[in-house]
Amino acid sequence: QFYLEPEDIKIRHKKYHRASHKGDYGKVMLIGGSLGKVGAVYMASKGALRTGSGLVSAFVPKCGLNILQASLPEVMVEISNNEYIIDALPENMERFDAIGIGPGKGTDIKSAEVLQKLMSRYKKNIVIDADAINIIAQNEEIKDLIRDNMILTPHVMEFERLVGKCIDHTDRLKKAIDFCAVHKCILILKGPNTTICMPDGRMYFNSTGTKYLATGGTGDVLTGILTSFIGQGYSAENAAICGVYHHGLAGQLASVNKLHGTIATDIIDKIPETFYVLNHSAGNF
Amino acid sequence: QFYLEPEDIKIRHKKYHRASHKGDYGKVMLIGGSLGKVGAVYMASKGALRTGSGLVSAFVPKCGLNILQASLPEVMVEISNNEYIIDALPENMERFDAIGIGPGKGTDIKSAEVLQKLMSRYKKNIVIDADAINIIAQNEEIKDLIRDNMILTPHVMEFERLVGKCIDHTDRLKKAIDFCAVHKCILILKGPNTTICMPDGRMYFNSTGTKYLATGGTGDVLTGILTSFIGQGYSAENAAICGVYHHGLAGQLASVNKLHGTIATDIIDKIPETFYVLNHSAGNF
Amino acid sequence: QFYLEPEDIKIRHKKYHRASHKGDYGKVMLIGGSLGKVGAVYMASKGALRTGSGLVSAFVPKCGLNILQASLPEVMVEISNNEYIIDALPENMERFDAIGIGPGKGTDIKSAEVLQKLMSRYKKNIVIDADAINIIAQNEEIKDLIRDNMILTPHVMEFERLVGKCIDHTDRLKKAIDFCAVHKCILILKGPNTTICMPDGRMYFNSTGTKYLATGGTGDVLTGILTSFIGQGYSAENAAICGVYHHGLAGQLASVNKLHGTIATDIIDKIPETFYVLNHSAGNF
Amino acid sequence: QFYLEPEDIKIRHKKYHRASHKGDYGKVMLIGGSLGKVGAVYMASKGALRTGSGLVSAFVPKCGLNILQASLPEVMVEISNNEYIIDALPENMERFDAIGIGPGKGTDIKSAEVLQKLMSRYKKNIVIDADAINIIAQNEEIKDLIRDNMILTPHVMEFERLVGKCIDHTDRLKKAIDFCAVHKCILILKGPNTTICMPDGRMYFNSTGTKYLATGGTGDVLTGILTSFIGQGYSAENAAICGVYHHGLAGQLASVNKLHGTIATDIIDKIPETFYVLNHSAGNF
């Protein structure tokens, strides 16, 4: 069991050569969105951009096309045929170095089929969040597809849907360890002191974060951050550790003078500063 | 009769535990909007977010869907079947810890029916503003539904539609006391020195605020602030007192160097700072 | 002939009582927009808001509805029946304390008819800009409708369309004086040292402004500022003088560190500061 | 071979008279966009505005109309008949002082025909980027239309599509010289130390820029900057040299405290500051 210190993060940071180009920073895709919940994909996609991805694409139902294009010009948008539901996968998925799925997505049958196909066919790393976790919780067949190239990011309620009711947090952590051992995946159990469980039973407890992160959309931002790190070539383990740490730190920086009034887009805007602050500081935050 | 001082507000502030999660900050819904007036729901919804709600949903006619999604990614949007009018209530309203209704809404028959149903069926607190007040003023049957779980926020003109013409401000305050005694509701009479009337006849006079708040959309922001506080678990009384105070203070902070040029979105952006300023200051503003 | 000094502006500023309300700051409407040129109405409307109007409405073709609602939540939008053209006037125009017309509008026959009706029927002040001026230049019948409640704001090219080719700037100023004498209107001839001509032959030369104002949309912003001042109760003369001065000053403040890169929305954002700066400074800018 | 120093840029800057007007700053058009890639035209258009163009128009498929209008009010938008593809040229192209084409555009046959027509008919300067380059790479007939009034801005991959695989960077530069000698065009080979090749064989190596520019949309921004400079009356040579330099400097300024988290819109916002910084500094950046 490890408590994450700034030095644990710095040593995991990838160093970029002065002459690196767009491709070196990775090409990632975020899949999600549904009627009235397209903002979740905005959060995840902009989170990925602000973490340093070279190219970010979003895959949404048709209803998300104009919304994302009007608010996020850096992101390329691809669409599903259906107006409100993701009823197909993007073509040629191997273009992407990592895929994040879940934010703002539905739990209907079509969406479940799409998730299942993605988990079967896409061989690189997948970050699985929100309704994608809820789908898995309801479907053993899809649960069996969880593999060592996947990071799941449930909050407490989503986690208990996945593994059943827990007696207390100790029980929850035990069940998380078991879950990762069985499925060989990485699991990020979100909450105060977010915990990262590795397939071999190692656990990392995050030292950044604040109660002010408890607001709608912050989970989507984390999905974007994680997907971005993996797309940049971080191992899933290093992406999980760095992602959780930077996400929490961004929340702290955003809330310094906004307190309860901090919203998810504030946190996204602070992601770049987390790298700056981390590199120029000594000690904990 | 009380004149609100900073200490009156601070003691009413809820304290949050370090380990609180999204649910602790409440889940609220704002209902409103119509053709060309969707901005009012934007104001109310973003006002609620900036006051600290964990989850904010908006319920609008279809014409409001893309507008809100493109400009406010943190808010989840649900829609009525009608393109321009709210002709139905959201499903499963008890999901929400509080509902605010009125901003940008019409006064047509369908809208009146929807308001009537909401007031009959929803058992938690409701904040009633703008056209929702105008509907009540025209309909005794709906007026009879006003109960002790409701806050009405008329400005002077809306108030006189509700209770009839007043001779002067003293008469107006007297009628406000009578109104609250009859309906057991809380009434916030907006204007210079906004006054809060309680069902038992107590009146609070706000000490914050500025003439620069007299611009379109500021009333909608107040609706969002009030709904947010109630959703966070404040009593209706404490929500009314804190809401009015923070709203006025946000107006003061926003207008320091913008004067007449202050607009409603400036005020929203200053809500978080009101908590910071209030906690770090001594004396009045 | 007068060269405008800061003191000329300050004495014309309306003083507002501490207890003033939304109505005291006026209710104005901006009419304009067409396919691909809706941004012009955005500029004018936001310009009016930032100058201090209590309520700002925009009247646009249908194609402008979602664009304005998504980008400017404080403004209420009303629409013409036609998708791309303004083919009718708003109902009940006397609701508004002043109307500005022209930005982004077309010069087609329908648009000309609408302008003609507005100038015949609306009895309060009208600010006439851009394509509304071009329509007048092509139509003697509409030109005859110009009256003492109107401000025209042509730039040099639009002015010459109105009065015919001019030999030089002296000739231009002479023709402007003649034009105002005949039509009893106020004319603002935009350009370096913008000149304001009164019906009685008085001319004011503006002392604020910068070459960096020479960018698309700044004329629309001026229309919004002028309409706002009139709606706040300024005489047309005072509105013209103050409007031109504040507009130029906003351009100066916006371009201090943006130089050629200054764009129209930068200028809008600086309008509030012009009041602040003017009130706290001595001497010229 | 030249390494660009600040003084090389300053002497190429056009000086504007105090009394210059909108026309003096040029009228330019940016052509591009397709389903899900409209953001690229946003980048190019806003880049042109921030570089100082007096009037900027965008030409996009229908699907781009509302997206651009809602996010960029200063830009006038004209549309192709097709919903998703540019299937025609704008009318009366000679209105524009320069045209940039390519960002977010497709490579389909219709788009190729449109590019061919533009290159045949438009007699002023054209900046050719992105998919417009990819079209040329696939079509010898269009390649033959490259003339001395054109600037091509390929990144390494696009360049090799154009001239064939290169052994190393030396080979690449040699092929660039050959390409410019044959076609009499200017070629900007984007990458670390972006290189500008002139038709007569002179090469300039840029001294500004940063690895943090390697993010989606920055190439589109460069297209806007180049088109803007030409439209302002810079020679193609001076536009290429100044454009590349300012673009790189904007990237440096934007990334100072955003590092990997820098995105293309950050860079656009820093363009104005590049003029300021360049004029107030001595020595290199």
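So that you can tell them apart, the chains are marked A, B, C and D in the order they are listed, and the count of residues begins at 1 in each.
Here is the rule we go by: contacts are C-beta pairs under 8 Å (C-beta built on N, C-alpha and C of every residue); 3 or more make two chains touch, one makes a residue touch a chain.
Values in this document were obtained by computation on a predicted structure and should not be read as measured data.
*Asks:* Provide the labels of all chains in contact with chain A and in contact with chain D.
*Replies:* none
*Asks:* For the identical-sequence pair chain B and chain C, what's the CA-based rotation angle in degrees, nearest 5?
*Replies:* About 90 degrees, rounded to the nearest 5.
*Asks:* When the centre of a chain is set as the mean of its C-alpha atoms, what distance in Å lies between chain C and chain D?
*Replies:* Roughly 35 Å, centre to centre.
*Asks:* Roughly how far is chain A from chain C, centre to centre by C-alpha average, rounded to an integer in Å?
*Replies:* 49
*Asks:* What are the residue numbers in chain A that touch two or more other chains?
*Replies:* Residues 66, 70-71 of chain A each touch two or more of the other chains.
*Asks:* If two chains touch, include that pair; go through all of them.
*Replies:* Listed by label, chains in contact pair as A-B, A-D, B-C, C-D.
*Asks:* For the complex, give me every residue of chain A touching chain B.
*Replies:* 35-40, 42-43, 63, 66-67, 70-71, 155-156, 191-192, 211, 214-217, 257-265
*Asks:* Quick check: in the complex, which residue numbers of chain B touch chain A?
*Replies:* Touching chain A: residues 16-22, 24-25, 49-56, 65-66, 69-79, 271-273, 275-276 of chain B.
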